[in-house]
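These are the structures in question, set out in turn.
Paired with chain B in one complex and with chain C in the other, chain A is shared by the two complexes that follow.
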Partner chain A sequence: MEKLLEVNNLSISFTQYVQGLNRHDLKVISDLTIDVMENEIVAILGSSGSGKSLLAHSILGILPYNSHVSGEIKYKGNILTQELKEKLRGKEICLIPQSVNFLDPLMKVSEQAIGECKDENEHNEKKLRQREVFDKYGLDESVDDLYPFELSGGMARKVLLSTALIGNPNLLIADEPTPGLDRKSVEETIEDIKNLKENGKGVLLITHEIDVALKTADRIAIFYSGYVIEINKVENFSDTDKLLHPYTKVLINALPRNGFNFSEGVQPLDDVSGCPYYENCPVRLDKCENNIPQLIEHNGVMIRCFNIGGVNDEP
Partner chain B sequence: MNLKANNISFSYNKKREILKDVSLSLNSNQIIGLIGDSGSGKSTLCKILAGYITNYDGDVTIDGKKIPDKDFYPVQLIFQHPEKTMNPKWKMEKVLTESWNPPQNLKDMFGLKDNWLTRWPNELSGGELQRFSILRALNPKTKFIIADEISTMLDALTQVQIWEALINYSKANNIGILAVSHDIELLEVLCDDILHFEDINNL
Partner chain C sequence: MIQLSPIDPVKAYLGQRIVSQEQLAIMGDYWGTNLSLGERVVGWLQTLASGSMGFSLIYRVPVTEVIMQKFTASLTLMVVSWVISAIVGFGLGIIAGAKEGSWIDKAIKTYCYILQSTPTFWIGLVLLMVFSVYLGWFPIGLSVPMGQLADTVTFWQWLYRLILPAITLSIVGIASLTMYTRDKLINVKKSDYFLFAQARGESFWGIIKNHGIRNVLLPAITIQFLSFNELFGGTILVEQVFAYPGIGQATVAAGLRSDVPLLLGIVIISTIFVFVGNLLADVIYKYVDPRIRSEDDE
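The block that comes next holds the complex of A and B.
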């Protein structure tokens, strides 16, 4: 199997003006490392508002101008430059955006799904493909001429999904495809995403809903305060003893069906000098306060914790 | 106290009726769950209960009396997206104290950090903002809370934390809660009783 996407030590920060001309750098993603293979779904799980979507935006090269990015992103072994991103996006790499607000309110949905065309011939060709994909997701011809405000939440999601699939991408990035949908629509979305995997595609699923990640993904990355703290196989999430990071355990035990267990602590707002989970960690060591552990491999699991593995022993 | 909705009917336009003869009853010591499909009208019912929509048929009463709309409204609604309910040009301290000035122990219970108070709403995450919007709604004059998908956008741990705090406070102060959600597992943990929206809506 080929590695489709490889993200190494990606950090994203924003420059903000705080008062007058005083500028301030706001770090959103720190040292993020993750990969997606063909035939694989990898989920990134983190609380909403924590900056997960920016990972998707940086892969596609649509970050705002005041952002700074370091680290590298590779697609099939080639480093993704802005030029290459622009060439591949919409074709080999596609995004299912987070909300209906990404649709153009003044354009019929079929036209936005087809997108930009050079001439009449290309339009006709793409129109056929668009019909085919819409049909597959149960959107009949009457939907083609609707405007986004006329769609229900579930239909809008299908339009977003179809739009992403018209280019027949190899890598799909799904950014929070499920919140606010009822159970039936969530099940459908999960099936849709799994089907993509069956067809040999790679999917990076960005979500805050553990259930969706558990039902679809092969591996799950836990995102905490801008850091990936653990990447574990989905099987291991049914038994908290097999999870390594203390936050991951707390998170899984907080699910309603796992006892709805309460634990204290909120994610730090400002930059911390050590491990981001230091303040709330039950097994913290002295060195955790001022040193950030590296993401290392331990028995096939990627983990960022001083308590695990020997590599992190001395900073 | 008892909050009662009697035969509520409502439609946004003449073509489609959303609510028909919906009745429900909520006591102060109760937590009742409400579950239903997207777009079925749950949020519309919430807005009617909390006094945001007034041109409906039927009536909403507390202990059999109409709710006066000239005073603090005793039924408070908490929304799914706290960022949409706050003035972006007010700092969090003003956002919170617009309603009341909660004592320190209550701020601690909701995990509000002092340095959050001097921030703007766009500088906090959804989970942090939701803590503010719940505490803001818990003014001493509040008798009932309508929680419309308040933890849908939050991670599992934050979800436990805010529900724990909200329920503890409500039990201690005799506040009734209507919890609306898609998540049946969550409602089963939280609620004394669960209503299915299609069973109470007589369309």
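The block that comes next holds the complex of A and C.
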């Protein structure tokens, strides 16, 4: 199996002006490392508004101009430069956007799914492909001529998914595919994403819904305050003893079926000098306050915590 | 308002001729100046309902005839400049919006601010000075060459004389439409669907063409139709500067020489004109925007 996507130590920050001309760098993603193989779904699980979508935007090269990016992103072993991103996006790497707002309100959905074409021939070719994909998702020909505002939530989901599949990509990035959907549509979406995996594609699923991540993904990366603190196999999430990071344990214990155990504390918004979970951590060590633990591998699990393994010695 | 102004239709009709007091009284009876305001308004409305707007005091022909003749002359001027300002304004707006922040955007913006803050008649005077007086490319005024009958004017002569007034009149329209289009396009560029189109690998100008223009065109058309009143106001000034015999000149003449029936007639016609503009904007919106169209179907 080939590694499709590899993100190493990616940091994204924004320059903000606070109180006049004082510049302030706002760090949104810090030192993010993650990879996606073929035939695999990797979920990034983090709270709403924590900047997860920016990961998708940086892979596709559509970050706003005032952002600063460091670290590297590789696709099939090649470093993704802006040039390469522009070449691959829409073809090998596709985004499944969040909502119907990502469609042009004044354009028929079939035309949007087809996208930009050089000439009539290309258009006809893609039209056939579009029909094929729409049919697969149960969208009949009457849907072709609808405008985005005429779609129901479930239909919109399928149209958005179809837009990504017309180019037959290898890697799909699904950005919050389920919010605001009813239970049935959520189940369908989960099935649809799983089917992509069966067809040999890699999926990076960005979500804040634990259930969706648990039902869909092979591996789950926990995103906390801009850091990935743990990447674990989905099987291990049924047993908190197999989870390594104290926050992950708390998160899973807080699920209704696991006893609704609630813990105090919020994610820090400002840059902290040490471990981002230091304030709320029940097993914190002295060195956690001023040192940031590195993401290391421990028995096949990626973990960022000084309590685990002997590698995280004083830097 | 006209009633309160020191205008006496009888005196306006007589001009500089000397008449006796008795004759004045007879004339007053004939024109109805000694009737009350209410009676006069009712009388005017009655004749209006029967299709007549009365007689113009300065042109000595029915008001409808004057307006028809003058309005056709102005209409060509207005239509030409309206089309110019629509095309140029929209084009500049799209370029500026697409290249937001670049030198070309700044140049277009500066140009628009200058135009927007400059009175039409002043632009007209400047253009006249540069192109007609210094360069001598265009005639100084009038829609017909001097010493020639209107019937004998060729199409090209007429067009040639239309250019400068039409450009002047379109300039103000260009500025507001450009700024509006630019602003709308920048909003579209910030939208999620623009981002998504980029993420799907569409080229920048392809997105501007497929999604930008599509979403900006409708509001721009509306704005352009709503600008009918500015167009009308602009015509009055431009025609005055270029001595172009259209409805604008007639308005000024009617006002200055207290031709009450003509003035009232023009007011009515211009109201209809502006109303039609707004109506067209609404109708077009209804037929072009799928969101409004399908609401009616249901």
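The rule we apply is simple: the second predicted complex is superposed on the first by the 315 of 315 C-alpha atoms of A that agree within 3 Å, B and C clash if a C-alpha of one lies under 4 Å from a C-alpha of the other, contacts with A are read in each partner's own complex, and residues count from 1 in each chain.
Throughout what follows, contacts are C-beta pairs under 8 Å (C-beta built on N, C-alpha and C of every residue); 3 or more make two chains touch, one makes a residue touch a chain.
What you are looking at is a predicted structure, and each value in this text was computed from that prediction instead of being measured.
J.: Comparing chain B against chain C, which has contacts with more of the residues in chain A?
T.: Looking at chain B versus chain C, the one contacting more residues of chain A is B.
J.: For A:S185 in the superposed arrangement: first (chain B), second (chain C), both or neither?
T.: First partner only, chain B.
J.: Which partner does A:L251 reach: the first (chain B), the second (chain C), both, or neither?
T.: The first partner, chain B, only.
J.: For A:S47, decide between first (touching chain B), second (touching chain C), both and neither.
T.: A:S47: touches chain B, not chain C.
J.: So, does A:M107 touch the first partner chain B, the second partner chain C, both, or neither?
T.: second
J.: Could you look at A:P276 and tell me whether it touches chain B, chain C, both or neither (first, second, both, neither)?
T.: neither
J.: Pick one for A:L95: touches chain B only (first), chain C only (second), both, or neither.
T.: In the superposition, A:L95 contacts chain C only.
J.: Counting contacts the way the document defines them, which residues of chain A are shared by the two interfaces, the one with chain B and the one with chain C?
T.: No residue of chain A touches both chain B and chain C.
J.: Please give the residue numbers of chain A that touch chain C in the complex, ascending.
T.: Touching chain C: residues 57, 60, 62, 86-91, 94-95, 97-99, 101-107, 115-116, 147, 149-150, 163 of chain A.
J.: Show which residues of chain C lie in contact with chain A when the two form their complex.
T.: 191-193, 195-203, 206-207, 210-211, 214-215, 218, 289-291, 294
J.: Name, in rising order, each residue of chain B that touches chain A in their complex.
T.: 36-39, 80, 111, 113, 115-116, 123-128, 149, 152-161, 164, 182-186, 188-189
J.: Using the touch definition up top, name the residues of chain A that touch chain B in the complex.
T.: Checking each residue of chain A against chain B gives 45-50, 152-154, 179-186, 208, 210, 250-252, 254-257, 260-267, 269.
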